[in-house]
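Structures for review follow.
Look at the two complexes coming up: chain A is in both, with chain B in one and chain C in the other.
Entry: the complex of A and B
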């Protein structure tokens, strides 16, 4: 019944959005050359600061309620309704901005560029979910993040995927995180916001491709639950790391696990650690040898990754508008359309700025990308190395436990446990 | 306390301290405010710019208005 209601609710929303997709301008506005000037657009008053403060209060309240529902009440129903609230408030009402996922770029930009004045609301949206995760696990992902919540509603027929594939795809968010940090630190772009697949749904407007990618992810999400959260979200990568150190975390059973195996396939995110039978325990000498080998391989991977990243610095830097303009000016091209001067070149020539200054600035940015390429490549190498390490380590467990890194605290597994605690 | 729990506690303390330090730096630092916002990529493609009250958005809108006046 709940599933049917959510499908009907989402169908209504998407059918409204079809109108907006059709209404997108297919042709650019005409450029008037007859001296006609377009009247200036009247902008409404800026959004009230009081609403910003309210948003932070709502975030704190939502995080507290969801954490209480997960850790104390162990209520799936409660988490589900909080997800609906998150979609409505943080998604549709606030139009998905500023969100914690994107705020990581604002924080990076502010840390690397002191002249950028970061709003307090953005700092709060970045820090608060991390702090709650440090104490209660990924409760933010469970029922406060609108991007996760909208996907969670669609997780209707989850299928299991191979654990090796899960591990390999799980590396992507770290690469995306590295790229997002690199581009925001260099003041180039906020790629997480630019390629946010669900923001178009929340704002009832966006490019056609945005709707297609968002729709595809939701469609995939019917079978592979929350694909964006698991295999793309850069903030999720941060939460994954922090959640491993959480003070409290959801448990499948409220008391001692009786190994009934009922919860074994209950997690749509493959985030349950199964018991490892002791008879498979390997010899200490073999384990030590493997660790020594990995101790050599990981620094090597970092070095190879760093070198490879640095070799791609020019390709990475071309995204920066100043570097692109400098290249266009140098080559006097319009990226393929050589018979026509680029609009950017015309605009630059009419601005009376010095070409030398632009070239120097572009060279400086490209150098930043060279250093950034080393760091990004090294970081990716480290992630690959640690993934390799985690695949080769066997931890012996007696019980079924949630994986503290990948568990999204959705509380689905709780309902499968027959063990009850007497009040 | 077991060794594993001890290490996790140390890790938690370190993360918490780092988060506090980052927040402190961002909130209390002396921002070098300039008249010109150079990070216009944030606002340029934003669909919420019209109703946005963030400082850089206000500067961006002001600059855009100035440009349109000088051009027109």
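Entry: the complex of A and C
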């Protein structure tokens, strides 16, 4: 039976592959008389509309199956095989693009730039995981996201890290999220895609550094599970927020927790909330004083962050290709090249754009970054403030429960729970 | 049951073995890939030292077929090695992937076979302590982030937005000036409907890009061909190596003796504020030079009768000027090109590509940046004025060209791309009888351009290397030279032809000077040679104690040649060497002297001298 299923699965994969053959390129590659064949480009070929629809269908199916496996079946094995499928389909077959993680930039760009025509597939890839998360927690992270899945496979010998360090590093995805939004809102770059560490593996193509960073993350991931998901992923930051309000999140125990502590160290992502006993509650006066202080500090942090961001805006803006070009032209620095004219300058000279227009545009973009710097800095200040606030709140807990924000719904903890329900 | 356990044990051992083997395999492959990558990164198959040397040899002997075959074979080998390396990296990548997959599968198998053994320690996680520690590190992290961001912000703050806004204003001003200029022309045409408009560039374009070039009509200067160089130019000394840059001074009663130590015949001596290798130029009673260092650029005007510094013009606040000056060598500096003047304005250019026009009182008329010239020693081609055009030889690494800028606005009148390499030589502008031509030299050719349109008239491949000396011209013959290359005489015609070529004494800095009969060539190692201009025969050669950077100037029938120790060697421009004097200045000198009636002006290392009776 298993053999038959595997054959059917492989047949489906191969038949889907045929669609690539009929995918039409907008601009056919030139043919050389010498017989030279063009090397493959770093970006994947455009996909046919049929494949786009299929992708959305597969995404919905995968999300549904994995949510069912997590919430209903509580099957770690099932989630693991879904991870394998995600790596194969969303990773290698789809070459990792468009992924939900990167799609947040497309959505941001579409919001800030009405001229940008965002494909429906991209919207679906952005929205669907968020919707599923709102209902079932981060089931997308558990077994559908190829970036998470490939790391999960490598989580071979997880070690625990200090919970305070987990909290500190947990701020980084929000900073990355802010930067990604700023850069895509200004039409500068999709930095999440540019620095996607695993895309090189999925495409068998990429820069050396891409492979080095990806390889290092996987190596680190052997011991510190899913480092990208926990300490970098900007989409994970969004899912973290939404998952806190999820209606049916996975529970460690299917019934009442018996506080056996068997699951205590089972989570490789440090996402289990341990019981907090009353003796660890702070004195009321100290807690109240801290809350008052935080009430003053948080707006101050937003202001400090905003000011810092606004002062840092030139460093942020220089990433923009137009700002950089304008600066290079103005200073005649030719992108540091001495052997020949930089191709960016050649391209500009051969375009019909005047320098005046370029400088105008660069000034306008720089101003956008000044405003963006205020907002980004303020946002980061707010994140720090709210993190401090959350670390000041006393939450009485008597059971072991998953931390709804950081739990990736991998169901590893479930296998440790001795409580079983009679079907 | 026992058998099952034994079987399970064997499996674990097997997967352990697989895991270890695949891990070692993957590690070795990974190491090899990195080593291969580092190797491939160092390789540039189309720019290897061996091939470059062979190509250099081939350029000296272009008909060496064996050498050509050798180059092709080595080139093929280098390319093969490069692509083999690439193939190895790709194949290694696939092998690594397979190795890693096997390792992961093995590890997963081992893990899945292990029984879950939860560890229950006697930990008493104090939530308060954890929260406190986390709060502390969050605060430290946040503060650190702010400090680092502010540190970098203030370190790199350069008012980017303001700079762009100012650049927009500067660009707008230029455009408005253009519009105003066009309006002037239209007004002129309306007022003078039967007159031909000022000569426009209507000639065939070829590689030339022409822009609207008509000038503010009142200032338009045109010469008839027979006039060039004009009497006014001859009466003054308007550019490097005199009118047209051909190394001839048209002045009389030039002294042949002076002494820097005793002050004999030294009329005045004035210090020069900033250093520069450029030479003095003269118009009327004014003498102009320039000076610069990495942070300052200046143009100076002296009263040539008294030596008084009349004015200093700072060359700064030019849109597009680089924040930091390009790296130059000490023997070229930031101000090697000699300034030029048309009697109404003075023009200067610097290593940064900043070019400026000043009126005779030092007031800025226009200034612009031509783009930093990519030149590893420093830009050194001098400026010339032809009619209402400022001629700029802009041969640098990325986009060599010769261009004519409007003397009134600095706008490009014509610009012609050049295919050669960097040149440190200067143009010469000669009247060939039929037309006025701009003659330029670089590696690998001498080329002629129509002075009015910039159209390339001809090009003759004859030189190579880092060309420093400018051309000489006399009696329809052009002389070009460069060290390690040759000395070539080209007979002008529709298609120039090589008259003769010599290889014995070659110059790397001083430019030669020619009369109808003779060619005089000085070298930086101290030898001066006189050739027959038509045959190349060496009439005489003389070795002096010191070398020459200054170029010889023909004055009446005498040659004035200044050596690097400041001694002027004056000898007859004749087929026999007859010394007429060797007056000393006692200060090092690298520039070429300027002349006026009865006067010699020398820019020495630190001072400017006027010599006369």
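By definition in this document, the second predicted complex is superposed on the first by the 365 of 423 C-alpha atoms of A that agree within 3 Å, B and C clash if a C-alpha of one lies under 4 Å from a C-alpha of the other, contacts with A are read in each partner's own complex, and residues count from 1 in each chain.
Operating definition for what follows: a residue touches a chain if its C-beta (ideal position, glycine included) is under 8 Å from a C-beta of that chain, and two chains touch if they have at least 3 such contacts.
None of these values were measured; they are calculated from a predicted model.
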Inset, instruction - Report for A:391: first if it touches chain B alone, second if chain C alone, otherwise both or neither. - result: second
Inset, instruction - May I ask you to decide whether A:264 touches chain B, chain C, both, or neither, giving the answer as first, second, both or neither? - result: second
Legend entry - Winner by number of chain A residues touched, once chain B and chain C are compared: C
Legend entry - First (chain B), second (chain C), both or neither touched by A:351: neither
Inset, instruction - Classify the contacts of A:301 with the two partner chains as first (chain B alone), second (chain C alone), both, or neither. - result: second
Inset, instruction - State whether A:285 touches chain B only (first), chain C only (second), both chains, or neither. - result: neither
Inset, instruction - Determine, under the contact definition given at the top, whether A:187 touches first (chain B), second (chain C), both, or neither. - result: first
Inset, instruction - Could you look at A:116 and tell me whether it touches chain B, chain C, both or neither (first, second, both, neither)? - result: first
Inset, instruction - Would you check which partner chain A:49 touches, where first means chain B only, second means chain C only, and both and neither mean what they say? - result: first
Legend entry - Partner chain(s) touched by A:134 [first = chain B, second = chain C, both, neither]: first
Legend entry - Where chain A meets both chain C and chain B, residue numbers: none
Legend entry - Contact footprint of chain A on chain C as seen in their complex: 30, 37, 93-94, 97, 104, 107-108, 111, 116, 118-120, 125-128, 130-131, 133-139, 141-142, 145-146, 149-150, 152-154, 156-158, 160-161, 163-165, 167-168, 171-172, 175, 319-323, 352-353, 369, 371-372, 374, 376, 397-399
Inset, instruction - Please give the residue numbers of chain A that touch chain C in the complex, ascending. - result: 153-154, 156, 162-165, 167-168, 171, 201, 204, 208, 211, 215, 261-266, 274, 276, 280-282, 301, 304-305, 308-309, 311-312, 314-315, 317-318, 323, 326-327, 329-334, 338-341, 354-356, 359-360, 362-363, 366-367, 370, 380-381, 384, 387-388, 391-392, 394, 415-416
Legend entry - Residue ranges of chain A touching chain B (in the complex, touch as defined): 37, 40, 43-44, 46-49, 52, 95, 97, 107, 109-111, 113-120, 123, 127, 130-131, 134, 187-190, 194, 203, 205-206, 242, 244-247, 321
Inset, instruction - Please give the residue numbers of chain B that touch chain A in the complex, ascending. - result: 8, 11-12, 15-16, 19, 22-23, 25-27, 29, 31-34, 38-39, 41-42, 45, 47-48, 50-58, 61, 65, 68-69, 71-72
